[in-house]
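Below you'll find a set of structures to go through.
You will see two complexes here that share chain A, one where it goes with chain B and one where it goes with chain C.
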Partner chain A sequence: MLKDKIYEDFNLNRNVLLDNFSEPIRQLKHKAFESFVKLGFPHIKLENWRHTNLKNIIENDYKHCFSPSDKDVDIEQLFQCELPEMDTYTVIQYNGWFMSRNNDISLMDNGVIIGSLNKAFKEYPEIVEKHFGKYTAVEKRSLEALNTAFAQDGIFIFVPDNVKLEKPIQIINILDADTNLITQPRNLFIIGKNSELTLVHCDHSILHRQSLINSLSEIFIDENGFVDHYKMQNKDAESTLITTINVHVESNARISTNALILNGGVIRNNVNVKLNGKNAQADLKGLYLVDRKQHVDNQVFIHHASSHCYSKQLYKGIIDDDARAVFNGRILVDKDAQKTDAYQTNKNILLTDNASVHSQPQLEIYADDVKCSHGSTVGQLDPNAMFYLRSRGICEHSSRMLLMYAFASEVVDTITIEALKYRLDTMVSKRLKGELSICDQCVLHCSEKAPDFLKMDFKPIV
Partner chain B sequence: MQDNTDKILNDVTQNDYKYGFVTNVETEIIPKGLSEEVVRLISEKKGEPEFMLDFRLKAYRHWLTLKEPEWAHLSIPEINYQDVIYYAAPKKKAKIDSLDKADPELLETFAKLGIPLEEQKILTGVAVDAVMDSVSVATTFKSTLAEKGIIFCSFSEAVKEYPDLIKKYLGSVVPYTDNFFAALNSAVFSDGSFCYIPKGVRCPIELSTYFRINAANTGQFERTLIVADEGSYVSYMEGCTAPQRDENQLHAAIVEIVAMDHAEVKYSTVQNWYPGNKEGKGGIYNFVTKRGLCKGFRSKISWTQVETGSAITWKYPSCLLMGDESIGEFYSVAVTNNMQQADTGSKMIHIGKNTKSTIISKGISAGKSQNSYRGMVKMTKRAVNSRNFTQCDSLLLGDKCGAHTFPYIDVNNKSSIVEHEATTSKISEDQLFYCNQRGIDTEQSIALIVNGYAKEVLNKLPMEFAVEAQKLLSISLENSVG
Partner chain C sequence: MLSIKNLEVSIDNKVILKNFNIEVKAGEVHAIMGPNGTGKSTLANVIAGREGYEVLNGDIIYKGKSILESKPEERAREGIFLGFQYPVEIPGVSITNFMKTAVNEIRKHKGLDPMPAGEFLSMLKEKKKIVEMNTTLASRSVNQGFSGGEKKKNEIFQMAVLEPQLAILDETDSGLDIDALRIVAHGINSLKNKDNATIVITHYQRLLDYIVPDFVHVLYGGRIVKTGGKELALELEEKGYDWIKQEIDI
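Our next item is the complex of A and B:
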């Protein structure tokens, strides 16, 4: 049982998990561990976990990596980015640890700090301690508590006031080991006043073993700041990926997130946003294309804690084969959060009788001067649209592809990075044709569908 | 103008309960508390056959293993189930078959409620089965109905006279294992109504029950069972009131409906239990399990409810759409005021092919109340080509209340379509301005807008009820409508 293993690991590794940290952090981690002991792993009796059962997953044994790998890994060899056209600052997370050839943490000319959170604890304690764990509910959510207790490393980004990073920062999270692995990366992103940051977060696994990732990112956006966050999930069927993003948005600041889920075993994404100042805005989007036995669970919680805020959610999914999709979006409007605008949309297309969808769009409103709405639909491709295309001589298969592609593009079109948008566009259309596993430069080992000769260097004709 | 609006909204939220009178009818009560003996005593008092006692005891034993549900968006003060009187009956004299023989005080009560049996009998042709403190006191129009072969009587009478029907259908839609309050009701229910519409009969008049909790400290545990046989139709109405008392009273009822092939049942409720005073003291706890089973091909069950009362409402009228092409409908207006709490909505479980369901829910919250919609739409794998449309809107009057929406959508096949939409807003200044501009004062404008907002549901009510429901809605708007 994983739980026993976790108790054991924690007690045996107190020196690296607790003693290496400063007093306030140590206390927090200790508290988090106690909270996890009390709450245990989430189970299906919990309202937010009704449709995602971790039982079989946590019965397995996983190994923690308590220190960075000393193996000399050649990233280029291991892995080729799926977004080669994109011009980004790239940071690599290898088995949960920050990996770099040169510096573990670097201070750029404009004052931006990028690097390992582990090093940041030591070198920038005053910044880290001010924010670490402040946007995370360790008493209530057991997996966040678990992550906090085991947090050792991750990515740390600090953008000072009035800095706009012109290039996106791309975080590549790689798992590579010959045993079943559990990692708990912890990221902290702090964005100063009037600053802007674009993050592209990619999750990959190279191993073909079972893995469990329980990652947690905390994002703090100060007044008038802006964070554009993209998450690409393209993983193998053996992996379980649980990610949590806790965002704290101050007045006039904005957060935009985009979760693009193309492949995976069990994926659970939690996004918790607190709009804490006037005119704060959140724009959350998601697209999930799942097939085979995949399971995708998107949980969104937006807390309107201040007046005049705006939030919008758009989650769309196409569910094929035996796959299962869960959407649980909750909007909470506090008593004082007057003049709130909050919208929520979840649309699903079911392609087979074995696929299923569970959608729970929820509104919890304690203020009266608000405009809130939500909508959720589950259905098929529009027969009239199908007829229109068919009557113009387009074959049934192509018509379906066209319509599904159009359905997905509502989310893809909102991407503002051109290279990423173009890339995803092709990926989505390939994915819909069932050809993603033979997509160019694929190193996902998910080739059971594709013969070797198809893995050729293929560049799409523009 | 804003101030004026606020004042009016304030007035709206401060009205007294009109039905808070106590009737001095002699009642026969048993001591407080619940135990196996009490269950046996109730059964004995009612002179029930063996199978009923068995049913009650099984339910009681199961109830002991259950815990109160805690998932609703309600804060329910702890209820001491040993502090409730489980049986209170107006002292029965002879059996009544015409109204003249009924207790005049009782008749007076009903007159105050605005449902004079006499008048209704003449003017509206409605057959009423009035349930006061859990015992059915009068059933009108019985003979007219009997001619058509329709059975409409109190539950206890049905147990004695139609035991086969009761045996067959009791608990078939809501088993005693269903939930905490269903188990409690199954163990201690004292009376209720039973209705059976034979094959091919269209019930010529609207059937109606009226519930009233009168004695102090009593719980009302009634049970309604409606069976509509092939090709039949019935429209059934239910209303509820209770006197004003400081203690909270418990109401845990069960309504079961079975509809066979081509049968249609329309069930309308106007719920006006005492909601407690402005500080939230007293009032009825309304924990009701209502469920309809569309058993046959093309059967249809339609729930319409207007909820204005109760301190706490926990109620989810549901449809199990088992027959192919069956239809389920739910129309609801729920008004909460002062300290009221409501967690209400519907469940539509699609099992048969080509089934359809519609949910329209309108919530209005005022004062410091909390109003939640909680609904579930489930399409099973077998329910191919099924369709659901759900719309739930909330209107907020005042800045201290809350309106919440918790829908659950589960779809397990590829040919079904489910749509859900919800909005929450207050009466906008634009709307008020539009009315004002046309010479309608703010008070009337609010009344107009609220009524228009609820119209979609009120239109679904039978005519006699619609008038009453509109009256009830306007009670909360009384101070503003002059």
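Our next item is the complex of A and C:
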């Protein structure tokens, strides 16, 4: 049982999990562990876990990596960007650990700090301690507690006030091991007043061993700041990927997220946003194209804690074969959060009788002057549109493709990075034709067939 | 070109067309008129192959062969075009992509290679002129957010691109102001030649001021009850449908 293994791992590795940290962090991690012991792994009796059963997954054994890999990993050999035309700063997370051939943490000329969270704990303790764990519910959500207890490393980004990072930062999360692996990557992104950051977060695995990723990112966006966050998930069928993003948005600040899920075993994405100041905005989007026995669960929680805030959720999915999709969108509007605008849309297309979707909106509104709407649809392709296309000579198969592609494009079109949008567009259309293999999007060298133009040098951060 | 014999069609077990007959030859323009609910749209849909209609009797012969068993796309590839009364909005599919897919599937059916991109785009540009369309086709989704007039222009634009042999235009004049009507009618007229045929389905006579039919048929109670020349349309406009009803019901 994984739970026993976790107790054992924690107790045997207290030196690296607790003792290495400053007092406040140590206390928090300790509290988090106790909370995990109390809560245990989520189970299907919990409302938010009713449709995602981890039972079989946590019966397996997985190994933690308590130190960075000592394997001589050649990043150039390992990494090839599938988006050569996308100009980014690239950082790599290898089995949960920040990896760089230069510095583990860098301070750029404009005051931006990028690097290993592990190093940031030591080198920038005031910044880290002010935010680490502050946007995370360790008492209530057991996987966030588990991550906090085991958190050792991840990506740390600090953008000071009034800095707009022009290039996106691309985070490549790679799993590479010859045993079953569990990782608990922990990221912390702090964005100052009037500052902007674009993040592209990609998840990959090299070996098709069983893996369990329980990642947690905390994002703090100060007044008038903006974060544009993309998550690309194209994982193998043996993987379980649980990601949580906790976002704290101050007044006039904005968060935009886009989760693009094209392959995977079991995927669970939690996005928790607190709109904490007047005029804060959240624009959350997701697209999932799943087939075979895949399982994708998107959980969104938006907390309108202040007045005049705006939130919008747009999640769309096409579910094929025996795949299952879950969407749970919760909107909480506090008593004082007057003039709230909150919208939620979840649209699904089921392609087979065995495909299923569970879509659930939850609205909790305590203010009286709000505009909230939610809509959820589950259906097949529009027969009128099908006939319209076919009446122009387009065969049934192509008509379906066109409509599915169109359905997906509502989400893809919102991508603001042109190269990424183009790439996603191609991938979605390949995926719908059944031509997208996991290697297509993969940044790794497992295929010799990768065309030359895709091969690109790893760009170290400055 | 088209020969419909004794056609009987039902939808949801309700008979809509019964004992319906028509002969259409290349180079001809036929107008089918009639009050609401007499089966005009059913006729258009059945010829185009829409699902949900049951043919109980009779046959539709197109270019010498029965098409009752053909799929809508097969009929389209053989040159049948339906101008929709209510063109469907398809968010996310650009007009360019839509037409490119259609043109190339039809070409493939004819054993031709896909049309080169440059040639295709300049062809689209030419066809746009026919209906004075100034929409940016590449960026706009099919019919999404189009006004009634734009939708109908888009139908005729598609007709111009696909160059059908038999065009069935279902209430193409409905919802058009006089300027749009003139443009749409001009488009239809300019696409007419001796090898193709057009069936114009309409409620009002006004479209026929612009498109001069060779034959006017009155559809009532699921069948053609009267056929005449273009002057029949004028008579209908003047007297309404009631005199026909009286004639029939007696």
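Just so it is clear, the second predicted complex is superposed on the first by the 435 of 462 C-alpha atoms of A that agree within 3 Å, B and C clash if a C-alpha of one lies under 4 Å from a C-alpha of the other, contacts with A are read in each partner's own complex, and residues count from 1 in each chain.
The criterion applied here is as follows: contacts are C-beta pairs under 8 Å (C-beta built on N, C-alpha and C of every residue); 3 or more make two chains touch, one makes a residue touch a chain.
Here the structure is a predicted model, which means the values were calculated and not measured.
In the superposed model, B is the one of chain B and chain C that contacts more residues of chain A. Look at A:L402: by the touch rule set out above, it reaches chain C but stays clear of chain B. Of the two partner chains placed by superposition, only chain B is touched by A:P361; chain C is not. By the touch criterion defined above, A:G393 reaches chain C but does not reach chain B.
Legend: residue contacts after superposition of the two complexes on their common chain; A:L351 is shown touching chain B, with no touch to chain C. With both structures placed on the common chain, the touch criterion links A:L424 to neither chain B nor chain C.
Residues common to the contacts of chain A with chain B and with chain C across the two structures: none.
Of all residues in chain A, only 47, 335, 338, 348, 350-380 touch chain B in the complex they form. Contact residues on chain C toward chain A in their complex (touch as defined above): 48-51, 71-73, 75-77, 81-82, 84, 87-88, 90-93, 97-99, 101-102, 105-106, 109, 141-142, 158, 162.
Residue ranges on chain A touching chain C, taken from their complex, read 382-385, 387-396, 398-399, 402-403, 405-410, 413. Touching chain A in their complex are the following residues of chain B: 71, 73, 379, 381, 384, 394, 396-426.
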